[in-house]
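Which chain is which? They are A, B, C and D, in the order written, and residues in each are numbered from 1.
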Amino acid sequence: MGMIGGGSGAFIGGVHRIAANIDGLISLHCGAFSSKPEVSKASGEALFLPADKSYTSFEQMIKTEAGLPAEQRMDFVSIVTPNHVHFEPAMMALDHGFHVVIDKPMTFTLDEAKALQQKVKETGLQLLLTHTYSGYPMVKQAKAMVREGKLGKIRKVYVEYPQGWLSSLSEKDGNKQASWRTDPSKSGKAGCMGDIGTHAAHLAEYITGLKIKEVCADINIVVPGRLLDDDGAILLHFDNGASGVLIASQVAVGEENALKIRVYGEKGGLEWRQEEPNTLLVRWSDQPMQVYRTGVGYADPLSSFAAHNTRTPGGHPEGYLEAFANLYRNFALTLQGLQNGQQVSAEALDFPSVDDGVRGMAFIDTVIESGQSTQKWTPFIV
Amino acid sequence: MGMIGGGSGAFIGGVHRIAANIDGLISLHCGAFSSKPEVSKASGEALFLPADKSYTSFEQMIKTEAGLPAEQRMDFVSIVTPNHVHFEPAMMALDHGFHVVIDKPMTFTLDEAKALQQKVKETGLQLLLTHTYSGYPMVKQAKAMVREGKLGKIRKVYVEYPQGWLSSLSEKDGNKQASWRTDPSKSGKAGCMGDIGTHAAHLAEYITGLKIKEVCADINIVVPGRLLDDDGAILLHFDNGASGVLIASQVAVGEENALKIRVYGEKGGLEWRQEEPNTLLVRWSDQPMQVYRTGVGYADPLSSFAAHNTRTPGGHPEGYLEAFANLYRNFALTLQGLQNGQQVSAEALDFPSVDDGVRGMAFIDTVIESGQSTQKWTPFIV
Amino acid sequence: MGMIGGGSGAFIGGVHRIAANIDGLISLHCGAFSSKPEVSKASGEALFLPADKSYTSFEQMIKTEAGLPAEQRMDFVSIVTPNHVHFEPAMMALDHGFHVVIDKPMTFTLDEAKALQQKVKETGLQLLLTHTYSGYPMVKQAKAMVREGKLGKIRKVYVEYPQGWLSSLSEKDGNKQASWRTDPSKSGKAGCMGDIGTHAAHLAEYITGLKIKEVCADINIVVPGRLLDDDGAILLHFDNGASGVLIASQVAVGEENALKIRVYGEKGGLEWRQEEPNTLLVRWSDQPMQVYRTGVGYADPLSSFAAHNTRTPGGHPEGYLEAFANLYRNFALTLQGLQNGQQVSAEALDFPSVDDGVRGMAFIDTVIESGQSTQKWTPFIV
Amino acid sequence: MGMIGGGSGAFIGGVHRIAANIDGLISLHCGAFSSKPEVSKASGEALFLPADKSYTSFEQMIKTEAGLPAEQRMDFVSIVTPNHVHFEPAMMALDHGFHVVIDKPMTFTLDEAKALQQKVKETGLQLLLTHTYSGYPMVKQAKAMVREGKLGKIRKVYVEYPQGWLSSLSEKDGNKQASWRTDPSKSGKAGCMGDIGTHAAHLAEYITGLKIKEVCADINIVVPGRLLDDDGAILLHFDNGASGVLIASQVAVGEENALKIRVYGEKGGLEWRQEEPNTLLVRWSDQPMQVYRTGVGYADPLSSFAAHNTRTPGGHPEGYLEAFANLYRNFALTLQGLQNGQQVSAEALDFPSVDDGVRGMAFIDTVIESGQSTQKWTPFIV
C-alpha cells in the first residue's frame, strides 16, 4: 500500500493504516503523506518506512513506484486527503496501473466521479470507496435479511446521522478536521451532506438494495458564519415505492457519531446503531423483538456475509476500526484472488466501489439542488 | 364527572376512568356510555353507578344533569367517543354550563374547533384536551429546561412516533380501534396524522415553546385498501428559525408506541422516549451526558412542574396512566380553585386546552394540504 | 377499606390509597391515620372522609366498625404503619372479622408472623401482604414461563436490589422514612434486609417456585453510626439444587430502586428490572434474545397471569402504582368472589399472603443469624 | 514477536496477532504454532512467514533465536497455549533473555507463578499478562477516578462475569475451546474460576486499587459430567474494609461475555460493562447520573490513561481487539523505551504483569479452597 495524505495531525490516515494492519494482509509500502516534504519524510520515519519510501508528492510516488519491478512496487494507493485532492491522484494511479482506495465523498464534483468510473471500467482495476459503516457485520446481516425477504417488501427507511462537533464555529479555533470540511474550496459544494449525508444515503441503499428515486431536502447552515451546510433533513422516495427520511446534522450538540438506521417491511423491521454496532434489533408483527448479536452461533446462523466480517466470538465487541478493516480485508482478498486467478467469494467482493462513489456525488448534487428548490420533489438522477 | 362514550369494548374510556380515579379527586357521577341504551346501562352497572345515572344519550345526560341542584349534578363531562362525536356533546355541555374533557383530535373539522374555542372564551368554562404525553413529569422537566434557557436558543427538533399496529389491514378483521380510526366518516380527513401526528406536533410545541410556521409533508397510505393516511413524514420550520422533522407512522411493524423527541439548542440537547418515560437524557457540548430521572432529589432540583406531577420517589416508575391522571388532576385542581375562589398554581394550570385543540386541527388541515401540494412549503396558519 | 397509618408525611399510605383507587373497585371508607388525633382528623378531611370516619386509634376504628351493620362497615383494614405497629392491629382486625392488607415485612418478629398465620388459618379470612413487585405483569410472565418449563430446570438465580438513599446518615437529618427504618425499636432486627432484602427473596421464590434452603450471608453496617444493617450479600442454595446470589444495599450511592432478577435454566434464561418493568428479556442457548413487552399481542400470547394484570396496550408503560394496584385488585376480586360465592380465578388468587409473610420474617431471622455465624451455611427453616 | 501456540483452529492466537498488528509497532517474526510440525509449518505459511521462521517446538525456537545476532532475533515471545504449557516456555524464554507475553491464568500452579515472578525479578525482563479487560479506555478512566478520590472511600464492589457457552456438555461435542478448559490436566485446578473468575478479580483490584483480603466461595459444577467448576459466586472482603461480590458462571445460558463491574464509594459510584465498553456510568448522591464516553473531549478531560489508550474520536466504538492491542502497545512502548534508554510514561507502563499473574493463581487456590471449606471466610494470602 502506498498512502497519499495522512501525515501527522490527520485523523483518517491513521485509521486507514490501522485498518490495513489488523489482519496482516497489507503492509505499508510507501507514502506521500503530505504536500510538505519534511512532514512527509517525518511521517514516513515515524511509520518505520525506509527513507526512500517517503515521497514528497503523489506524482513522484506513483511515477517512481510504477517504474519499479512488479515485486518491488506497491499494489495500490490509498488516498486519504481532503476531497479536493481525490480525483487527480486517483486518476493518475489508475493510469499507472494501480488499484485505488479512496475516502468518501469520492471526488470534488460529480463529473470527476463519472470520469473515475469510466477509467475504472476501462482499466479493469479495483476501487474501494471507504464507506466504513457498510463493513460492520450487523449491517451485512441486515442486508442479508432484507435480501432473503425476511422483512417482506420494504416500506419505510429512516436513517439518521446526528453529530454535535460543529455546534460552534470550531473551524475558526484551529480544528483541522473542521477547517477543511467547512471550506467550499476543499470540501466541495456540500459540508454535512457530503461528509456524513453520503454515509447515511449509502447505508440506506446498501441494506435495502433499493435506490433513492427522488428527494425533498431542507438544507441548512445553522451556525452563523459557516459557509457550507452543517445540517439537513431529507424526505426520500425509493424506486420500489417505499418512502423514508434521512437526517444528517453536525449541530446536534452532544451527539457523537450517532448513525442509526431503521427499515420496516411488510413482515418485520430492523434497527441498527453505529455506536453499539454489534446489536441488530429485529421486530416482528406478532413475535417478541429479537436481538441479533455479532459472532453468536444461532441455530439459524447469521449470514455468511456477517460471519466473514467477524473476528471474535459473541460478546467480544468489534468496532469502527474492525469495520474499516473489513473493507481493506475484502479489497485485499479480492486483489489476491485476481492476482492468483482464483474465484473471489461474494463475501470478499462485497465492498463499496466506484459506482457507490458516483451515486454519492449525485446525492450531493441532488440534495443541494433540492435544498434550493421551491418544488417539493427533485429527481435523483445519476 | 359524567362520561360520554367509553362503554364496554372501548379502550380509551377505561383509561380516562383510571386517570380520573387515581388521585381520589374525581368520582364517576354518571355516564352516557354508548348510543345503545342496553350497553350504556350495562356499563353503568359494571361501574357501580346507580341505575338512574346511566343515561341513554349524551343529550339526555346533559339536560337531566343541568336540571339538578348544583350539589347533585356532575361538574364536567368527559367525551371519549370517536372524533365525529366530539363537537356536538362538547358544545352542548358548554352551553349547559359544564366544563369539558375531550379526547384529541378535538373535533372533526377545524371550523368546529374554532367554534369550540369561541364558546369556551364566551362561557369562561374550562376545557381539557387529553394530550397525554404532556402530562409526563420528564416532559414537564424538558419544557422547564428549555424555558430557563439551559439549552440556549433552540435549533433542531426531531419528533417521531412510530407504531406498528396498522401494518396490515386490521380494520377488516374486527379490530374496533382500527375500524373507526381508518374510517374517514368517523376519524376526519386524517388517519395517522390525526391520531398520533397531532400528539407529536403538540409535544414539540409544548416542550420548545415554539410554534410550527410551515411544513413540508409526505403523507402516505401504505397498506393497500386503506382509506386514510397510515404514515407520514414532515419537515418543519419553527417561528424562531429552528427546523425539524416529524415522523408518524402506524405501519412501522413491531413498534409499539414509540413516541420520542429530541431537541437541540446552542448549548445543550435533550431526549425523551415515551416508552421509558422516567428518563430524560440531557447532552452538553463539553460535559458528559446527564440522565435525569423522575422523582430523584438533586442538589439542583427538578422543576416544580415535574415535581408537582410526580407521585412516587425515584426508581418507582410512573407510566402512561399517571401521565393521563396528571391531566385530570390538574384540571380538577383548577376547577377546585376556581370554585373556591383560590389562586390556581401555574403547575395546576399547565394542561392542554382548547387552543391546543385548535392548533391540532389546523395541523391536520395543513399537513394534509401539504401532502397534496407540489410546492415544498405550506404555511401553518390557524 | 379502613386505613391504619398513612397520615400526612407518610409515603406508603398514599401509595396504598392510589393503588386502591385505580380500578374503582375499592373505596376509602374510614381511617385511623395517625396516633395523633388531630393528624388523623386532618388527614381524613383532606381525603374527603366524613368527620365520623376519621378515628383516633385503630382500636377505636376496628371496634366501632365491627359494631356497624354489615352494609355500613369497612370490608377490610389496610395497615401501613412502621413494622412495630403491624401485628397488634392485624390480629385485632382478624379477631373482629375483617380481612387484612399489610405492608411487608409482615411483623416485628417471626413469632408474631406465625401467630398471624395461625389466626388467618382459623378465621378463614384473607390477608394480602404487599410485596409490590410480584404484581408486575412481566414478573407474572416470568413466573409463568418458568412454571411451563420453558427455561428447563432452574440452575441459577441472581437477584439484586441496590439503593443509594441511605448512603449518608440521613436518619439524623429528619428524613422520616430513614428514621424509623434504621431504628431497631421500630424496624425490628434487620434494616436493609427487612426493608428490601425480603422483597428480593420473595421475588426470587415467587418467579422460580423454588424455596431457599440455606444461606451464607455477609451483613454490614456500612455508614458509621447506624444501628441496623444497611447492606448485605447472600449466597443462596435452593431446594432443587440451584444456587444463587442475593444482593441488597442501601448504600449503593446514586442507585434509585434498582431491583433486578436473572434466572437461568437448562434451556433459557430471563432478566427483569423493576425500573423498566414492562420489558422481560428472554435468552436462549441457540436463538437470539427475545424482548417480551407488557401488553403486546404475540402469536404465542403472554400468560393469562400477565394479561390479567395489564390495563393498557403495548407501549403504554405501566409502573409501580399499577403493580401495587394489581395486588389490591386481585385481593378485591377475591373478596368479591368469596362474598358472592363465586369461583375466584387463579389469576385473582395470585397475591402474596400470610405464608409469604412468615417466610419473609424467617428470611430476616436466618440472614441475620448467618451474618453473625462463622459457619458458611445456615439452614433456612421456617 | 515469536509466538508459541496459536496454530490454525485456535482462538486466542489470532486475537494476539491482531492485537500485535494494529498499531504497526510489532511484527510477527517467528512462531512455534503447534506441537505438530506440519501444523506449525502450515500456520507459518498462512501468516506469510519465511519457511525457516516456523519452528517445530518452542524449545527449538527459543534456542535458535537466542543464537542469532541481536538485530535478527525476536524481541519477545508470546505464549498462547493452554494453561499447562505456560510455565515451561516462559521460564525458558526468560532464561534466554527474551521478554514474555503470556495468557492468563499465568501458570498451572501457584508455585510456578511464584517461580516465574522470581525469575522476572532476577532477569529484569518484562512480562505482560494479557488481562485484556484492563486495556479498555473506560476501565482506565474508572481506575483514574477512583484514584483521584472522586468516589470517596470505596465501600462496595460488585463484579460479575456471566457466560453461557458451557451450559451444555459441549466439551464432548468437539468444541476445542471447551475441551481443554474443562480438562483438569490442561486447565489446572479450576475451570470457570481460572478462565474468567481471574479476569473479574483482576478487574476489581485494578480499578479500585484495593486487594482482596478474604473470600467466601460457593463453587459449583452445574453441568453433570463436567470435571471442573463451571460456576461460582464469592463474597469478598477487601483490605480497606470494603465488601463485595464476585460472580462468574459459564452456565448462564444465553449470556455472551457479560463482564460488568460496579464500584460504590462514599460520594459516587461507577458502572462499566464489557459488552458496551465505551460507556462508563458515573452516579452521584445528588447529581444526575453522568455517561462518560471513550474519546470525547470534555471540559474536565478524560484521564490521560484513558486518552493514551484510545485511537478514535467519540462515537467511533473501540472494542475487544483494541483493548487487547492496548496491552501489546504499552508493552512495546515499554520495551522500546527500555531499549532506547528513554523514560517510559506511566501510561505505557500500566499493563498487567507477573505480579498480577501471581495474584491470579493465588485467587484460584483460595477460592477453590474456600469452596471446599465449611468455614465462612478463607484468607486470601499470596
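Please note the rule applied: a contact is a pair of C-beta atoms (placed from the backbone, for glycine too) under 8 Å apart; a residue touches a chain by one contact, two chains touch by 3 or more.
Remember, predicted model here, so these are calculated numbers, not experimental data.
Colleague: Quick one: point me to the chain whose Cα centre is farthest from that of chain D.
Modeller: That would be chain B.
Colleague: Between chain pairs B-D and A-B, which one is joined by a greater number of C-beta pairs in contact?
Modeller: A-B
Colleague: Rounded to the nearest whole Å, what is the centre-to-centre distance of chain B and chain C, using the mean of the C-alpha atoms as each centre?
Modeller: The separation of the two C-alpha centroids amounts to 34 Å.
Colleague: Please report how many Å separate the Cα centroid of chain A from that of chain B, as a whole number.
Modeller: 43
Colleague: How far is the middle of chain B from the middle of chain D, if each middle is the mean of its Cα atoms, in Å?
Modeller: 55
Colleague: Could you pull out the residues of chain D that touch at least 2 other chains?
Modeller: 255, 289, 293, 296
Colleague: With touch defined as at the start, can you tell me which chain B residues reach chain A in the complex?
Modeller: Chain B reaches chain A through residues 155-156, 158, 160, 162, 164, 167-168, 216, 218, 220, 222, 231, 233, 235, 237, 243-245, 247, 249, 251-255, 262, 264-269, 283-285, 289, 373-377.
Colleague: Please give the residue numbers of chain C that touch chain B in the complex, ascending.
Modeller: Against chain B, the touching part of chain C is residues 11, 14-15, 17-18, 21-24, 28, 47-48, 163, 165, 255-258, 274-278, 293, 296, 311-322.
Colleague: Please output the residues of chain B touching chain D within their complex, sorted ascending.
Modeller: Within the complex, chain B contacts chain D at residues 282, 286-293, 296-300.
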